[in-house]
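Sharing a structure here in structure tokens format.
The first chain written gets the first letter, and so on, giving A, B, C and D; residue counts start at 1 in each chain.
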Amino acid sequence: MEYTKQEFMAVATGREIRDGELIILGVGLSMLAGYFAKLNHAPALRPFTEGGIYGATPVGGLPWGIECNRISANATSFTNAIDALGFLVASGRADNGVIGAAQVDKFGNVNTTGIWDAPPWKEGRYIPPRVRLNGSGGANDIAVGCKRYLIMASHESRRFMERVDYVSSPGYLDGGAAREKAGFVGGGPSAIISTLGILRPDPETKEFILDAYFPFTDVEEVRENTGWDLKISPEVRKVPEPTEQELANLRTVDATGSLRKKR
Amino acid sequence: MEYTKQEFMAVATGREIRDGELIILGVGLSMLAGYFAKLNHAPALRPFTEGGIYGATPVGGLPWGIECNRISANATSFTNAIDALGFLVASGRADNGVIGAAQVDKFGNVNTTGIWDAPPWKEGRYIPPRVRLNGSGGANDIAVGCKRYLIMASHESRRFMERVDYVSSPGYLDGGAAREKAGFVGGGPSAIISTLGILRPDPETKEFILDAYFPFTDVEEVRENTGWDLKISPEVRKVPEPTEQELANLRTVDATGSLRKKR
Amino acid sequence: MRNKLISLQEAVAAYTWDGMTYCNGAALPVGSDSIVFGVEMARQGRKDLNVICHCGSQQVNLLGAVGAIRRVEVGFSGLEVYGFAAGLNRAVTSGKTQIEDYSNGAMAMRLFGGAMNWPFVPATVNTFNDQQYCSCDEPDQYPCSKKIPLITDPFTGKQYGAFRTIRPEVAAIHVTMADIHGNAIMLGTEWNRFEMSRASEKVVLVADRIVDTDCMRQYPNLVRIIGEVVDAVVYWPFASYPQASCGLYDSDEEQMFYMNKMMKTEADTETFCQTWVHGWHTREEYQALIGREKIDKITDTATAFLLDPYRKWIKTDAEVEELEKDARG
Amino acid sequence: MRNKLISLQEAVAAYTWDGMTYCNGAALPVGSDSIVFGVEMARQGRKDLNVICHCGSQQVNLLGAVGAIRRVEVGFSGLEVYGFAAGLNRAVTSGKTQIEDYSNGAMAMRLFGGAMNWPFVPATVNTFNDQQYCSCDEPDQYPCSKKIPLITDPFTGKQYGAFRTIRPEVAAIHVTMADIHGNAIMLGTEWNRFEMSRASEKVVLVADRIVDTDCMRQYPNLVRIIGEVVDAVVYWPFASYPQASCGLYDSDEEQMFYMNKMMKTEADTETFCQTWVHGWHTREEYQALIGREKIDKITDTATAFLLDPYRKWIKTDAEVEELEKDARG
């Protein structure tokens, strides 16, 4: 079967989404994974965006943004950020969310803010980053508030780090009970779905370990592309190939083929 | 000229309202006074209600309430209580407001909550009132937030009290700098307009003194109907009679003649 | 989303219980409120209620009159130009019902904070006066220090109050139009129905009209209550009677005064309830009780034009009945 | 209320100044924003700006690229699928522009708190991570204790954060439709334009269409920005270009990429500005610059039907010009 790594990642993420969930979707891959799930196996999924677009499905291909007209043409409600990010997400009400990561660490903390030669936590002071990214957007709200959430990231050792430069969206912080102590209402990230496999947190230490790898790779390659000493689940398994139906559904959502253009 | 005391009170209150003000109006007399002002001398008045009805003028007579259809038939906007009472009033943004009082004291504190044989402040504890009134509604928000506001009350000694049973809507509290110390954003009541005359606060003590009396009464009668030792302004004056134009305008707003039925 | 239509009787049976924290409204006493839901609660004999509302309206007046309310948090308990709420006030002055007073603005802010799941909201109103000093929950302390405690602004060091936020167990919210999924449009001011729909654990809509979801797709910016947070939808024309519903009907002046007069005594309340609480069961019977003449009068409202854009999507009674059957499965 | 129509050039001259706290938006980078207002600010050479926005969009990208921004508080500075904001990022990494990061939710809550005139709002997000620990205003302290200080909930004793609230000096808000008094309808998500319109000391609307006030009277529930809080109204079709405006036009994919590419270097920014900032003055010239072909393409949007109910109240260009003349007196 022919598909790109990005497509596999979207399908694998979509499989993590359960029918009926109230789920907040971000732009790009996040939206594709979510709407793929709705079309594929979760018809009662209740997706929304952080600006408060409800009841919509994309038309004409991957929306350029979460306020793109492609996601606004058949909505049942438009509200606002206070509603979507506050009332439904920060409050702890949303079941699930999907966020992306430029860097992610072994406790599921995500950086989407910047790349530093001397990160603030190491330097003890805050200087402008060497590379500015986007900031957290709604991802911090999602990471703190959703009952659980999914992280999508390209699996490279410069992105899968022992400790990220800047925590934009907290996962399990320093691991163990650290997140609980912070008092966040949401439960934390339930999986990191990468371009190579699926990592899940150890129930005690909250360190992410390799739970499954994609058919086109193996445990060794995943470890090589991980910036920390990645632990492997004793039950590590190969992720089943996307079915033809799954790929067809994904491509119905990704009508413009955005995931096929990338590697 | 023939008019009721209530009509005179509405006209006198209306005269206190300046053109262009952003003003919150309550039900009954408050609305009549405000819309009378708009029709009579303040065409650029910007009245709104605490539920967030903007740009409207009443049709078919005195609205039964501030969400009555009589005030909803030509609005330019309907929003909500957070907007009207929060963003515009509690924030300190509104220029003026008009509230009613079951009891008012010499510092302009208003009670609309209940009548007690043993008021909480005297008893040192809170027991149910002998007579339950309505609670503060939006009046507390208005009293705290508006740049200034007007109080309307029937002038009787059982209502104009040395100290009210319960402060539902704070005026100048214990007088002097007490309100300032409380840190309220709004400036406090600028006048009490009664069925007999107009009281204004002394700039220093904040005690309300008689500034003017209606043509059908005199200083002595006003004092007799006041429950505290009412001071009289050295410049005390007689309030000019309503003009025919004023009465005509008032009765245009009060199409159902609600103020003519009462004494 | 699923079809959430449910009968009034089932809705009250499923979503209310003795001792619950119930939120109604949330309009002013002359306007939009889920009155018929409260009437059905009275019919089913709910009691010991902890009621949250910024304005009681005739719903809380009735529930107070029949002795169903243990405690009520309220901004305004009266009926505006229609007078004091005789039934609720009787319950309050007799000590049967405890009343906790806030301002209308405070109630909206507290629901907002509840919807946010904030621990408290800053209080710049209701402080340094008897709304802060008097609490029915702490009657022996005056001034009360626990109801609206003082906090310090970490940025300026100044003192402010703090309001307890509200997360009601169930809210019954009146809306003009809803679809079968619980997407709803309100005409007229929202009061705090937007915040209430997000703050409450369960939400039951009581809708004067059922519309096709296409109506929501044409006017998504009007859909301020979303199916995503709604558990059940009750179709009930004149749900707010004898109060008004913007775009549909005016308040019934005669009935507003009559009802409140009857609430004054236990005996008259009983008489009133025989007809107006126990004397009907179906939508048809309810409208028959109101009577054709009254219906003609109150639906001749100056706001009727506000409904015009949506009329083509409104379901007929027969269509709604079919949908109700579908919902029952 | 008075006729508040004003030209774009006059609006920028009257309502913006060097060193001001300016709030834009407030949509996401692909949607509704008062872009043309920021472009005119660049043309008039505004500098030293303190910008508040939850999402920068191409407006802040441009203002950053031309070096007009001293400091920006932001939730999301990128352009979504169109990439990182090259111009703003160049200003940030060079140290020219200080950036203070919050989440999008936090920015909305802080504007809400500003509209309320609250001293702070409770922070349940952005805490215990680098949004709290890093501040451009206190660079030498890590973790920073002043940006989002900790407070104690007086009801439970638990610790929470506190957000500084925001009261911008001026907000330029893009809306779909406005009347001459400043009543406005937004199609698509509001983001935080409702809160922003109440939090800001001055509000300038930048409207794609001018409609008759009768439109507002038919749809008062859609009028979320009210003339009561608006100071000026600028009529500008394609005000959000090259971003989208729900119901009217899609984002111009080619121009979005091109503009961002040009922001990468000072020289290319200069080239871009010659055409797109300094190369036009009137609405007609601006549309000519975009070009008929592009306009046809972007106005062929799947959301066009959302505008249908309001078309009959939309003023033609000639009618608006008359109204603009009236406003000048």
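Basically, a contact is a pair of C-beta atoms (placed from the backbone, for glycine too) under 8 Å apart; a residue touches a chain by one contact, two chains touch by 3 or more.
Everything numeric here is computed off the predicted structure, so don't read it as measured data.
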{"item": "Shortest walk length in steps over touching chains, chain A through to chain C", "value": "1"}
{"item": "Shared chain contacts [chain C and chain D, defined touch]", "value": "A, B"}
{"item": "Pair joined by the larger number of C-beta contacts - A-D, B-D", "value": "A-D"}
{"item": "Chain B-chain C separation of Cα centroids, rounded to whole Å", "value": "28"}
{"item": "Computed distance of Cα centres, chain D from chain B, in Å", "value": "40"}
{"item": "Intercentroid distance (Cα basis), chain B paired with chain A, Å", "value": "56"}
{"item": "Residues of chain A touching at least two other chains", "value": "78-79, 86, 90, 185"}
{"item": "Shared-contact residues (touching 2 or more other chains) in chain C", "value": "109, 116-117, 124, 158, 160, 187-188, 190, 194-195, 220-221, 306"}
{"item": "Graph class of chain-chain contacts, one of line, ring, star, complete, other", "value": "other"}
{"item": "Pairs of chains satisfying the touch condition", "value": "A-C, A-D, B-C, B-D, C-D"}
{"item": "Residues on chain D engaged by chain B in the complex (per definition of touch)", "value": "1-2, 115-117, 179, 181, 183, 194, 198-199, 213, 216-217, 220-221, 223-224, 226-229"}
{"item": "Sites on chain D touched by chain C in the complex", "value": "109, 113, 116-122, 124, 149-156, 158, 160, 162, 164, 185-188, 190, 218-222, 305-306, 308-309"}
{"item": "Chain B residues touching chain D - in the complex, by the definition given at the top", "value": "22, 44, 46, 48, 54-55, 74-79, 83, 86-88, 90-93, 185"}
{"item": "Residues on chain D engaged by chain A in the complex (per definition of touch)", "value": "27-32, 54-55, 74-82, 84-85, 88-89, 92-95, 98-99, 101-109, 112, 124-131, 133-136, 138-142, 144, 158-160, 187-195, 244, 246, 250-251, 253, 256, 301-303, 306"}
{"item": "Touching residues on chain B, where the partner in the complex is chain C", "value": "27-28, 49-53, 59-60, 62-70, 72-73, 78-82, 85-86, 89-90, 109, 113, 120-121, 123-141, 144-145, 166-170, 173, 182-185, 258"}
